[in-house]
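Each of the next two complexes has chain A plus one other chain: chain B in the first, chain C in the second.
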Partner chain A sequence: MNALKLHRILEQNTGLLIFGILFISSIGGLVQILPSLNDETLSTPTMNTRVYDAVELTGRDIYIREGCHVCHSQQIRPLVAEVERYGPYSRSGEFVYDRPFLWGSKRTGPDLHRIGGKYSDQWHETHLLNPRAVVPESIMPAYPWLSERPASAAGDIQRKMQVLQSMGHPYSPEDINNAEAALQGLTEMEALIRYLQMLGTSFDASQADAPMEGM
Partner chain B sequence: MSQSNQEIYHDAVVKRLIQFSVFWVIIAMGAGVYLAAEFIWPTIDFGQFWLSFGRLRPVHTNGIIFGFGVSALMATAFYSVQRTSHVPLFMPKLAWFCCYAWQLLVILGAISLLAGWTSSKEYAELEWPFDIAIAIIWVCFGVVFFGTIATRRIRPIYISNWFYGGLIIVIAMLHIVNNLAIPVTFGKSYSLYAGAQDAIVQWWYGHNAVGFLLTGGFLGMLYYFLPKHSEQPIWSYRLSVISFWAFTYSYIWAGPHHLHYNSIPEWVQSLGMVMSLILLAPSWATMINGIMTVSKAWQKLRVDPALKFIVLSLAFYGLATFEGPMMAIRSVNVVSHFTDWTIGHVHSGALGWNAMITYGTFYFLVPKLVGQPLHSIRLANIHFWLALSGTILYILSMWAGGVSQGLMWLSVDDYGQLSFSFREIMASMTSYYGLRLIAGLIFFIGTILMAWNLGMTMRGRNTVPVTPPPVPEKFRLDRKAGKDETTIAPGVPAA
Partner chain C sequence: MAIMPNDFWSGWIIVITVTSLLGLAWLVLSIYLLRSGDDQLHEEPVWDENLQEGNTPAPLWWFWLILAMMVFSVVYLMLYPGLGSFQGAFQWSQGGQLAERQASYNAEFEPLEQQIVSSSYEALGSNELAMNTAAGIFEEHCSACHGIDARGQAGLFPSLSDGVWQWGGMPAQIEQSIRNGRNAAMVGWLSALGGEGQLQNVAEFVLSMSDGIDAAHPGKRYYDRFCIACHGPNGDGNPVLGAPRLNDDVWLYGDEIGSVRTTIIEGRMGQMPAFAETLDDQQIKLLTAWLLARNSAD
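Showing the complex of A and B:
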């Protein structure tokens, strides 16, 4: 009964109620989220993980714009079937330059974390223009507009790289200065394919089960 | 009696918000049906970027959560907080601002999503200018809501207000922390967090947006309208107190079950799983409290479609809050993760719980607001059966489809070779997707019937002016007299 008596004070005071809700609801976040944000193993790149270059970054932002992550995950779980189907399971260190993360929550289509290098550029282009031309059962939409738009129109690439640099992505001044030139003559389609082709390639499969040094 | 007779509750803003809510459920559910059709006929986007699945899907989810859901929550919060405080809304003009600014935000937000402006984070897709606007409107919502409570004339703050209060406070916290980003242009920003950390923050948000908006907010609706409509006091006030705090405390931990077997620390996953299981207790305590409250009014269930909707929503609430913790167990999640089972689970909550309780509330509230009986009880009863059959067919199709999908993905033969290719498994889903489309259509048709029914009830009618009734002596709060000995809150919301 005492607890209920105490509660009477709470339920008759607007300020206390607001504070009480804020306090009680923030405990979980403080215990769970703060340590994760300070966990250096989650922000340390695996040995071959590098920042996206100007073209790949543009491709990644197109991937986000078209909502590819709505139907494709980028997260291979450490399960026999998943490793068999997609390749070495995903490591947190592979995603340290991913803003935002694109792990997804649904696999209407297959996982794409290790799609890089599995198909030719030509296959990807055909597939993106008409998925059913190469995968008859596919229910993926076609993306005809990607081959009509120049990659340089997909956002201010120098500004993007500067923003990422300000958050600690190691871009050199030349990377940023040459960014616009790198996009010259490319379509959005080509930029997206460049991104797809590098996905998951930073992980050295031969090291898959060896302890990783220098982490 | 200290109140003057000119004082009336501000109900016009409630009515307008209900109209917007119904508008959004038609738009967003319509988009959902279209998306369901795209699973079967992938070319019906006709090469138009704005009909493309990846862009249209966030319009469906954001339209339901922020258009339909938040408009309904604002409407019912504004309605009930006045009644439970015995005082008209605090700063009514600000309430009108919340109403229209929010609608503008959802409309422009939907257009921006179709244009490809997206942060990609689920249920937080809107880009930074919208995030700032949401934060501002949300604070205004809080000012109106808590201002009304602060100026109340009755001593206890009724339980429904805690849930609405929890909605306002916790969603503000989650929204601000999760959307921290550095802008590049007006329609593009980069998250302040990267990779695994971004994932943990996002699912802390994503899970609790479901928790405090779609669950907690709608529980506020339940705690006011269920006792009001069934004319029964809350079965156990003490249980509602305990379950409120247990719910507020434990929900927030459960987010990492969205990241089982993903590249995040194992302790975070385990903690998320354990807390998800614990969450079953306050969830079911609330359901039991609701069922027991209505148990003395079963006879009303036969004739009253509004109460039928509300009671059925409680059943689906119980189902979804049982299924959720089960799916949060790692060994179950290993099958369900990434599959259509998740979609089924979400819809048992969104259709069975959120939509049904809102529909029931609207059927009850709209006739009351305009002082006119519901245009057609018969139509509302037809709607009830359409909603029930649509929801069940939806859940069953996605459950059956999702479980088989998940098991086939994991299936390996004796030599460790995959039993099925991804293509085969994907192709086997077509029938389930077909059933889901039919289910969605059935539910959607019911919703259109409701829109028409409510529209005919409201047509050309203003809200009935309601004066705050006098507060019984023992609960009266005399602001000048200061604090004195008090009695425990009653289990039934006042007038």
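Showing the complex of A and C:
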């Protein structure tokens, strides 16, 4: 058959034309997306990657609420300059419990994926209350209300954990039952700092076998 | 190994990719090879007297363009990963490329690193290139707490330019502080002191220690009971515990009675994070040399 005849048939038959368009435009997805969805290596946690506990999860939600991800990425690319500055590049398996992931693509501030442990809790508190107190040239806004609001005000933590559990995050019943107690007495500031301090810490460079692993 | 699809999905990708490439080739070629054919303008209805739908192929340059693109994709898929789990002739991977660049980066700086390893702190301190590099490392990794001028800030993070070293100023001690971090552990003493009066007395005594020990001071007996173990009988401090000297003019958290009181009431848990994983040995040595040079210059 020649292509012009095929063209004519499609052109004169709306149903077939619609089907043809859908079929052709689905090819990219069939090749690119479908295999990834079924690729277990992309949903297997890297090394010590674990679910966020109640406090970290709350901190993460505050991070999202305050829009930290708008100016800070959480993705270190496999480039010498980035690895030298921020640490080991991000592995896909480190994000399996991130829903949604906060990779971002805009760096008004520095990347935060390996921020955990780089500064003391005290530094983070001072910095969030007034960034200029520790980084004079900083253009980051201050977040003073974080230290005034209780962490439990950030939302129904048990419900959040149940939803994540239904999506396959391995929370135990005790984790969920103790969630509210874990937040007792903590401010949003403390929860956010707990989250920041664990960011990127599940990766152990000494355990990374070949440099080609990941990504 | 780079992450690659398993056998089934690899086959899936290969079959679809090759089939659609062949399909596209057939479509394009058959249109152009038959372009002189019979059915360009026939059988179509005519609108508005002379408007007719036709099947005139796109211009020839477009044909060559799409042909070139198809050839490019075939060559690309032979050289680079993309066709299922086939790695391509170049065996390219993102991580592999990083390792390669990292190796050439390391090779470029190896002579300099050797020079750092074999140089003394003094020699490094008088080497302008080394000191500029160290200043850059300091700015990137240390200035957020200690300030860009290394004079400390926020009444929380110590100055590194005043010649006072809470954890010891020997090169090995400074390197240790950078490499493994430091955790100060002063607890709150209000309940142990027993009340506001005692608290005020001790605070005043501690502040007065800079001008010499006043044995008759009412705060001294509390100092001798609670503070002496870490800060020493004369307030000389103890670099092993990170207990600061109290008989000098340097006050980590402020020289007002209020901040001394806060320190005694709440305690202080100053924390220096460990940089062993962030900085390599040469960078730590450079930083130490920079700090030593800075303090001897002042």
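Criterion: the second predicted complex is superposed on the first by the 182 of 215 C-alpha atoms of A that agree within 3 Å, B and C clash if a C-alpha of one lies under 4 Å from a C-alpha of the other, contacts with A are read in each partner's own complex, and residues count from 1 in each chain.
In this section, a contact is a pair of C-beta atoms (placed from the backbone, for glycine too) under 8 Å apart; a residue touches a chain by one contact, two chains touch by 3 or more.
Keep in mind that this is a model prediction, so the values were computed, not measured.
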item	value
Which superposed partner A:L42 touches (first chain B, second chain C, both, neither)	both
Contacts of A:H7 with chain B and chain C, given as first, second, both or neither	both
Which of chain B and chain C A:I27 touches, first, second, both or neither	both
Touched partner set for A:P78, first chain B, second chain C, both or neither	both
Which superposed partner A:G87 touches (first chain B, second chain C, both, neither)	second
Touched partner set for A:G109, first chain B, second chain C, both or neither	first
Between chain B and chain C, more extensive residue contact with chain A	B
Chain B and chain C footprints on chain A, overlapping residues	4, 7-8, 27, 31, 39, 41-42, 78-80, 84-85, 92, 135
Touching residues on chain A, where the partner in the complex is chain C	2-4, 7-8, 27, 30-31, 34-35, 38-39, 41-42, 78-80, 83-85, 87, 89, 92, 117-123, 126-127, 133-136, 205, 210-215
Contacting residues of chain B [partner chain A, same complex]	38-40, 42-43, 45, 47, 49, 52-55, 57-58, 116-122, 146, 149-150, 155-157, 162, 165-166, 169-170, 173, 177, 182-185, 188, 190-202, 204, 212, 238, 241, 245, 248-253, 255-256, 258-259, 261-265, 268, 271-272, 275, 334, 337-340, 342-343, 409-412, 416-418, 422-424, 426-427, 486, 488-489
Chain B contact footprint on chain A (complex, rising order)	4, 7-8, 11-12, 14, 17-18, 21-22, 24-29, 31-33, 36-37, 39, 41-43, 61, 64-71, 73, 75, 77-82, 84-85, 90-92, 94-111, 131-132, 135, 137-145, 155-156, 159-160, 163-164, 166-167
Chain A-facing residues of chain C, complex	1-3, 5-6, 9, 12-13, 16-17, 20, 26-27, 30-31, 34, 37, 39, 55, 93-99, 101-102, 105, 140, 143-145, 147-148, 153-154, 156-157, 269-274, 277-278
